[in-house]
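This is the structure I want to talk about, given as structure tokens.
The letters A, B, C and D name the chains in turn, as written, and every chain counts its residues from 1.
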């Protein structure tokens, strides 16, 4: 057994993918990346093929309801496209991002090695983008190659015109993929970010389907979206009530002040 | 002499243990792990067999009452079970946990190497679990193998049904032990956590005795438990007095306010 | 492709410089170093010759207006002096400084290796120096060799007579260059530091031109300086208004207090 | 030239010391260690023999009044005892302690290697110990060997009877020296700690002289002690004035409150 000195990938089985696209989504703003991946894996019935372990993940373990324990990790899944002429998918998600700068670079390096080994030429990274809006969430796109970007824009993504940074693994994959001659696209769903946001995830999935020509039924997300909306409304009501109370207290204070002086 | 570049174990003597169980308890919530280990080592008259040193422990040294100084470290003890058919114990405790993420992984790796070398097949890790309760503290169990978990439940442990994480070395040992083909069980005693909690420690010791069939008289903890209870009562009295005073001040304020406006 | 385990330099092309001076300016106080370098590179039409990558830069990537993405990095530029007898310039700037102590040392080491390889004998590092002043910003100089310092003082730089430290890459280059038999000079422009400060940058450029005998037209900075001054005036007006309001509120409070007691 | 990847010592000249004692004092509480070393080096006219450089020191450089720059470092000095039968001294001080846990261990390791190479059998580390007192500052001693401790107690040092930790390099040297078969003594001067404390330094020097049988005139510290005392008195006056004002404001507030309600 190898000691946990650095990030490594433990393969569960070898695959022979056909011109695969790797899609990455880790926990982050609004959990957009994580929700997208969880939904894709479930709907496509993708198969586990490898784990990524790292001493740069936080130092706790997870306990499931049966009392079983496991290390934080990332997991790769594989989906063989039934259309033999089309691209297979390798899906990557996980429990956490690295907690250190050096760890973020190391984990991304390790993921790209695995992608290269499996002859991946395109990677898509998924994340959230903080925005206060009540409209249908937009999806912002950035990429390492113009045609990849154009395809996503044709599919409905927007350009992030203000040159903001992309933080974390979703960003570093784009930054480091160039050195591997792999092209990468990042899709960021607009989200308020403070609760899990399946609506933003759905927006991303729509662009994803259209850009890479695979089919997934997205209606399964609607119930989760309805629940999230209810929670937002409840939180807004609490917030408004608080604001009103604060306003009343302020008025009361002003009355007193007037009376005294 | 080796430089302190990484965690290492300095063996004081070799042992030939019989199918040993390694029990680990480091300082943490309510000092449950530390109290359990200290009591076991004393009652069983276990013998020191090795030290674990690490540059990831905090950078201070301890001074004893005689003015003697030593580095922070972990210590392994060995107890030969007088029942030759039964399992020997290796006990591990220490002054501190690692202060960095990478250190937590490195120290756990090092401990597991030592366990493997001594043909340990089962590890138990001990810790505390924060809970506000006045009942007899429960002990929550999690494990890497179902039969190990079941045995502890039969002995009175509860399943932690809400999937919370186990933080620190007690958790990482479970996460990393799988790679060594070692099975591990974690026992967490319920504790308020803000003072050393010998009652929670006693609850854990009861489960431990029963799960691994060794005998230790626990009455020696009763005096310490009585002292801790007195301290809790004193702290609660102080807290209630403070709450009362705050209440009175609030009432006074309201009287004044009413008068003014 | 090499993994991103440590800082490294990727050369785009080899150069045969004539007794070159390396000038360094990274983001810092008042962005003085960054503005100086950006202006020099543009005016001299210097050519890109190498990138510096490091896992110690922050873990995000930059997106440009076209949606294209790149890693944080440093960039080396080369300017062949048309006067064949005079010194060529190698210019270094970048997106960020390292976020860790060890990274700061590693990046500086790497830059000095590159300087040595290109037979650089003199380095100038540029930065800002916090000072509340309305006068023309002074430029403070410090150096590893007396004659280098003297030349800059003759050109108008001042001695920093109070022995304050120079923080970051601009400082470490001076500290570490001695081990390479390279001499280095640091020029720090006085700046309030809270907004980009092209005026401080211009002061530094004047000293630089004069010290190293090359010619650059600095009038191109005047428009930027005018904009920055307007912003300072606007910020000061806001600040004064706030101070006045606070003063009035205080007076009101005093009136009330007087009335009551 | 070696890159600054890890802590190393650059020797300026070789020495052939006679059974030397190494005395260490770095910046810390009340600057006690630093003042002791500075005074000893000056009085004994000790000679510079080596520098210690480390990428774990803070990332800035120091500028002197002449505009000259240097890296943060530690410095070793050598004093040949004119009494040929007595012990020579190696003195170590520096600009800073390490900023990271791993750096603290690495720097201490490096210093101990150097001590071993020079056949040092005894090390003394100097520091401050926070204590609010107006008495003559005591000096607390801790050691790795009983006779070393006893000698310092005979010379007037006290035992630190409450088992508190010794933080930083002064502590780690004691912790790690055991592995080198070097004995070490730590002397901590009582100090309020918030300003440089030459009185505490003098107390330590008295013990030091007496324990290791060398002679140094300590009257040179008296002027510095007088200045420090004046500053303490001035700070106390400011503090008392503040307390008085706060008291008056409180009384005024109570009057108002009484009037209103």
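In this section, contacts are C-beta pairs under 8 Å (C-beta built on N, C-alpha and C of every residue); 3 or more make two chains touch, one makes a residue touch a chain.
Here the structure is a predicted model, which means the values were calculated and not measured.
Visitor: If you check the contacts of chain C and chain D, which chains show up for both?
Guide: Shared contacts of chain C and chain D: no chain.
Visitor: Compare the two sides of the chain B and chain D interface and say whether they are made mostly of the same residue numbers, over half shared, or of different ones.
Guide: Result for this pair: different.
Visitor: From the centre of chain A, which chain's CA centre is farthest?
Guide: D
Visitor: Go ahead and align chain A to its copy chain C using Cα positions, then give the rotation in degrees, nearest 5.
Guide: That rotation is 90 degrees, given to the nearest 5.
Visitor: Chain B to chain D: how many Å between their CA centres?
Guide: 36
Visitor: How many angstrom between the C-alpha centroids of chain D and chain A?
Guide: Here chain A and chain D have centroids separated by 51 Å.
Visitor: List, in ascending order, every residue of chain B touching at least 2 other chains.
Guide: Residues 260 of chain B each touch two or more of the other chains.
Visitor: In graph terms, nodes being chains and edges touches, is this line, ring, star, complete or other?
Guide: Basically the chains close up into a ring.
Visitor: Can you name every pair of chains that touch?
Guide: Going through each pair of chains, those in contact are A-B, A-C, B-D, C-D.
Visitor: Mind listing the chain A positions that touch chain B in their complex?
Guide: 1-5, 55-72, 99-100, 103, 252, 255-256, 259-260
Visitor: For chain A, which residues are in contact with chain C within the complex?
Guide: For chain A paired with chain C, touching residues are 98, 101-102, 104-106, 108-109, 113, 141-144, 146, 149, 159-168, 171-172, 174-176, 178-180, 184, 186, 257, 260-261.
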